[in-house]
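Consider the two complexes below, in which subunit A is the common component and subunit B and subunit C are the respective partners.
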Partner chain A sequence: MSLDPRVRIIAFFLVAVSVALSRSFSAVLFFLPYLVFILFLERVKPSHFKKLIPANLFLVFIFLTVPLREALLIFVKCNLILSFLIVLVSTERFPVLIHALHHLKLPDKLVHLVFFTYRYVHIIDEEYRTFMKAAKARGFHPKTDRITYKTLSYILANLIVRSYEKSKWAYKSMVCRGFHGVFPLYYHFEMGFKDLCFLGFTFVYVGALWARYSGLKMFM
Partner chain B sequence: MHISEGVLPVTTLALGWGATACGLYIGFRKLDYHRMPFVAFLSAVFFIGSFVHVPLGPTSVHLVLNGIVGMLLGWASFPAMFVALFIQALLFQFGGLLVLGVNTLNMAAPAVVVHYLFRDWLRSGDGVKFVLASVLGASGAVLMSAVMVGLELMSCGGEFRNAALLVFAAHIPVAVVEAVVAFFVFSFLRKSRPEVLKEL
Partner chain C sequence: MGEIFRAEDVYVKRGENLVLKGFNLAVGEGEKLLLLGPNGSGKTTFFEVVVGFVKPERGRLLFMGKPVEAESDFRLLRRKVGYVFQDPESQILMPTVEEEIAFGLLNLGMPRSKIREEVEMVLSAFGISHLKRKFTHELSWGEKRLLSIASIAVMKPELFLLDEPFAGLDERGVRIVASFLKEYDKAVILASHTELNFFEDWDKFYLRAD
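Here is the complex of A and B:
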């Protein structure tokens, strides 16, 4: 089912904040049925959940040093919030999300910077791969020595130089096309009946949790 | 090092968002549209930098770059790093959206500090000052970030003290690598494109 991206973002924040605020297992596990419900609605591919593995690396530090019960709670909370992020937000195409952020009244400059950066990440990534390929073709083999550090640093410095030059061209070409701080939009979202139903359901679900743990008591 | 979702208490998350909001406000007010493509490009470099693995003995560390990119950006570090971390959180689930405020603050606040501390030395013709600026700026920013992560973990309670110490210790080799890389990067920029440093 395709939901309005704005509804997805709002629903994510409602649920994620509630999970982050919870201090007990029962409050956190209350959201598991909701996750299953969205999984059922959205039919997310299991391969999307592979992204959870690197996110858990930080938790190794926590598991090594913090009492087990506390660490387990953090583990469950972290993975639950990230699962919601995956099923509700990350499944949407990125340009559509940026568009949705614009409609959620985020400042224009912020939305533009997200848009530019998303575009340029791909350019810089491509440049980086090209530089690395060129270095490998010349027999570059990373080790802990002066030449490795120098090579990697010069590649990085070259990325900065390219950024500097390309940014000048990018701005000039924007001005040439009459840019004055606004990107015109030709496509608009429409919130349908099913979006409102979903949003209402989310509000009721989160509200039920808050009522059950009698407001602020669950944060103590 | 990004702090994961669900670790920090609400007050710390809220304070992080508050401080980051202030930084973003100042950063965007100082950021004109003619400089925006450059900030976006450096934000992309910062993003890709965390995928550059530098070998160190039997293992490897990945670059943080908040000092190197931060010294070039100044207050624009807040918008640049916020956006890079935001995209990383959405695409790769590194960090997360609720801890984005805290994580941005950890990266960008040291960046602003080293920018104003070492900007003049980095532009000066004096070779010793230049080397000191690049080495101290890059490693200082990483270590400051590590201290901030540690303090935030301590805010969860006393049992997180060891976690905080462990995180700080893990950043020391990163700071050393970052200092060496910064020295080479800024020497290259000074030799081949001095105008990048002139515009600081």
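Here is the complex of A and C:
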């Protein structure tokens, strides 16, 4: 089901905050049926959940430093929040989500920052790959020696210089096409009946959790 | 034929070098001009002077008969002068092809329904309709080049500046851009470091690198 991206973000925010603030296993597990419901609704492919693997590699370290019960709770909470992120947010195209953030009246500067970060991460990545290819084409093999560190430092410095140059040209490109401080949006969203139903259901579900665990007590 | 743009006795310094020395050029409505010269002869610098990115040391610029001096004058000028950068990657801003083409029109305040029509038209004119929903970072160099030209062409500028627009384009791309420019009914200045056979009837202006 294609939900309005704004609804996705609001729903994710609501459940993520509720899960993060929960202090008991029962409160956290209360969200499992909700997750199953969205999984059914969105028909998310199981392959999407591969993204959980790298995150869990880091979570393993929690078991080494925190008491078992706490570590297990953090582990479950993290996986649940990430699952919601996968199901609700990552199934939507990133540019659409940026537009949704704008429509949700987040500060313009923040939205622009996210937008340009997304746009230029790819360019910087391409530049980095080009530099590495150029270096490898001339016999560079990364090792743990002085030449490698020096080469990588030069590549990093070049990336910073190029990023600065690119940012200047990006500004010129915007100015050349009549940019006057406001980012115009091409796509517009329309919140339909199904979006309102879903949002309403989410509010009721989270509200029910609050009621079940006597409001703030669930977070204590 | 009315005059669109005039540069009079323009001097531009880049660092210690004088890139443009007493440069004079005038372009009339619908006039087509080839700006030829080797690398470093000041072709890009001239374009940057026209749109106000580089301030000349001396000289006068006139757009539609009015002097262009303050930033506010250049802001108005840039709504009517389209500038295609030498490097398409530096020009492309938006995440998708469709949004990239619509960007300028949205800034000009055109209604969305009209923008959609214009976007479709320009996509088809440049043979890139199939790329409409594609992410710009996934495009090949040639596709980026076509997109960068299309995103300016859609604004229908009174004066179209193109800096080496054929670099990196395949034969099909060259043919598309060349036929578009030939049929474009407004003024065009095309900068190139090589002679271009298919624009033999266009006026030529030579710059020297010294």
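To be clear about the criterion, the second predicted complex is superposed on the first by the 219 of 220 C-alpha atoms of A that agree within 3 Å, B and C clash if a C-alpha of one lies under 4 Å from a C-alpha of the other, contacts with A are read in each partner's own complex, and residues count from 1 in each chain.
The definition used in the following text is that a contact is a pair of C-beta atoms (placed from the backbone, for glycine too) under 8 Å apart; a residue touches a chain by one contact, two chains touch by 3 or more.
Since the structure is predicted, the reported quantities are computational estimates derived from the model, not experimental observations.
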Partner chain in contact with A:Val19 - subunit B first, subunit C second, else both or neither: first
First (subunit B), second (subunit C), both or neither touched by A:Lys109: first
First, second, both or neither for A:Val89, with subunit B first and subunit C second: first
Which of subunit B and subunit C A:Lys166 touches, first, second, both or neither: both
Touched partner set for A:Cys176, first subunit B, second subunit C, both or neither: second
Partner chain in contact with A:Phe40 - subunit B first, subunit C second, else both or neither: neither
Which superposed partner A:Pro184 touches (first subunit B, second subunit C, both, neither): second
Greater subunit A contact set [subunit C / subunit B]: B
First, second, both or neither for A:Ile123, with subunit B first and subunit C second: both
Partner chain in contact with A:Pro67 - subunit B first, subunit C second, else both or neither: first
On subunit A, positions contacted by subunit B and by subunit C: 94, 118-119, 123, 166, 170, 174, 179
Sites on subunit C touched by subunit A in the complex: 51, 53, 75, 78-79, 82-83, 85, 87, 89-96, 98-99, 102-104, 106-108, 112, 115, 137, 151-152, 155
Sites on subunit B touched by subunit A in the complex: 1-7, 10, 13, 24, 28, 31, 33-34, 36-45, 47-49, 51-57, 60, 63, 65, 68, 72, 79-80, 83-84, 86-87, 89-94, 96-98, 159-160, 162-163, 166-167, 170, 177, 180-186, 188-189, 192-193, 195-196
Footprint of subunit C on subunit A - complex, ascending: 94-95, 98, 115, 118-119, 122-123, 126, 166, 169-170, 172-180, 184-188
Subunit B contact footprint on subunit A (complex, rising order): 12-13, 16-17, 19-21, 51-52, 54-56, 58-59, 61-62, 64-67, 70, 74, 76-78, 80-82, 85-86, 89-90, 94, 97, 107, 109-110, 112-114, 116-121, 123-125, 128, 142-144, 148-150, 152-154, 156-164, 166-168, 170-171, 174, 179, 181, 219
